[in-house]
Amino acid sequence: MSEFLNQLDAPELEAMGIHGWPYGYSDQVRFHELDPLNHVNNASYLSWFENIRVRYLQDYGLSSYGSRDDDPQVVVRQQTADYLAPMFKDERYVVTARTRLLKPSSLIMDYAVHSGGAVRATCSAVLVSLEQDGKARRPHKDAAIKRILARDGAERA
Amino acid sequence: MSEFLNQLDAPELEAMGIHGWPYGYSDQVRFHELDPLNHVNNASYLSWFENIRVRYLQDYGLSSYGSRDDDPQVVVRQQTADYLAPMFKDERYVVTARTRLLKPSSLIMDYAVHSGGAVRATCSAVLVSLEQDGKARRPHKDAAIKRILARDGAERA
Amino acid sequence: MSEFLNQLDAPELEAMGIHGWPYGYSDQVRFHELDPLNHVNNASYLSWFENIRVRYLQDYGLSSYGSRDDDPQVVVRQQTADYLAPMFKDERYVVTARTRLLKPSSLIMDYAVHSGGAVRATCSAVLVSLEQDGKARRPHKDAAIKRILARDGAERA
Amino acid sequence: MSEFLNQLDAPELEAMGIHGWPYGYSDQVRFHELDPLNHVNNASYLSWFENIRVRYLQDYGLSSYGSRDDDPQVVVRQQTADYLAPMFKDERYVVTARTRLLKPSSLIMDYAVHSGGAVRATCSAVLVSLEQDGKARRPHKDAAIKRILARDGAERA
């Protein structure tokens, strides 16, 4: 499988002054993400958070985003985004992700966008692990739970 | 100015069984809004809520989305989306909007997506009215305040 | 199955002064389709052409966009878009589609965007009909061929 | 101004086996770029070509994408995309760009997407240089012409 482009781990993030995040990547604002106010459009941030979430869920072993019966479908049930400062054309940024709270078949993740030494946007998402039918709950895999507790220091409920 | 395509007012929404909303429009899921799970992508809902918000703010007189000095810039400071049930290809739906709480230079709006007699997603957004510099707060226009109170029955704070 | 929202047939298009097109729908520019030049972004037009193509292929019986073995997968092999005049916020428009040339397992379709009595953009697309494996060619269904010849007056090759 | 993330110059592209291109960057397929067929959506390729075009036009000095009177507005008049092979989730790729033909106030650019030793998609675009009014033609700047001829070996007409 292909590696995650421009991925950043905890020590690399620390070296950039981004503390308390185990997982991230760097990227740059694209022209098509801007709206007529010359700002990054609100919906584009959600695509960034989705991008890191999909990679995180695969890397930590929560889902392979396949459709085999032994693979859970992890869906977003709720998300809250805070837009703290506008972002502009060509701006370089770092997106980070971590799990804050881990329940048997759900979790709460936090995301943030960092640029120029400040946080531009944050997001908190409630994710639910389902069977392939998209209905019944499916408990997380043990290996994934262990990784989340070890790497992210997530609280358990 | 062009009218809002497929716009629905309170009586029309009532007739469809959608109660308590003064402002809406109908639309249909597009192919490019679907993701590999065959569901509408989470970010697409935010574009629908943005679509109705921009029309609402113009129709109620809160902003003309121009860049003249006498026109406020209304930006999203925070939004929370609840994804209650997945949506599928070609699905017909109605998006609704209303103001819940009105403050001197900000407001809280609610949005919902209705389909097949149920609510598929909801959203609550905190909007802030700014000067064209994007920094200083700018109070709402009186005419807009009167319309919001009369049409939406918004609470005032 | 849900009907196609705001669909327009040949007589309705004729009544709007749009001649020579058997199939269309009306829509309106959304805020998120605009770019920092305040124009509709070039890629958004392709989503409009995709939107009408998917509905056309279903309505004419070329593909049901399912994944059953008796259903072809119709893919775009090439497309050329001409951007004749910029389009702006809230602009109302009509998208039209027709098949120009029909071959045993491929076809050439034309698309256009009409607004204010003029054509704003055109597109020509080469589509190929494939088996579900996405590789072998699959001939069009007879019923679909008959409809295309009857409704669109397509040339046959 | 920020540098172009993951930019690749001619020697770096050569070292990757990508010959005849002076300008490129590497990237990776995002989840939101996929459609229900699990392929990269056709419109997403256009966003990639737009992304490299905007950077190229700035780097070569054809436009700064500002709105000052001494800055031309460079717009796409026509583009043709060839989709040669589907692209999938997480796939790593390289996008390249060059000018093929240079006229006094227009140019023809070629783009390509490379992955796994093959070309997945190509595009050819006719660009026109306009005054800020978006109407009158505006000749290219001499410095930009010199760079295009020197770096890309473009034909002149």
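Note that the chains take the letters A, B, C and D in the order they are written out, and that residue 1 is the start of every chain.
By our rule, a residue touches a chain if its C-beta (ideal position, glycine included) is under 8 Å from a C-beta of that chain, and two chains touch if they have at least 3 such contacts.
This one's a predicted model, so the numbers in the text were calculated from it and none came from an experiment.
One copy, chain A, sits rotated relative to the other, chain D; on C-alpha atoms the angle is 180 degrees to the nearest 5. A centroid comparison over C-alpha atoms places C as the chain most distant from chain A. Computed centre separation for the pair chain C/chain D is 26 angstrom, with centres defined by C-alpha atoms. Among all residues of chain B, those that touch two or more other chains are 31-32, 36, 41, 43, 47, 50, 65, 89.
Taken together, the touching pairs cover every possible pairing of the chains. Here chain B touches chain A in the complex through residues 36-37, 41-44, 46-47, 50, 65, 73, 75-83, 86, 134, going by the rule given at the top. Of all the residues in chain D, the ones that touch chain A in their complex are 1-6, 26-28, 30-32, 47, 50-51, 54-55, 65, 89-92.
Taken in their complex, chain A has these residues touching chain C: 31-32, 34-36, 38, 41, 43, 89.
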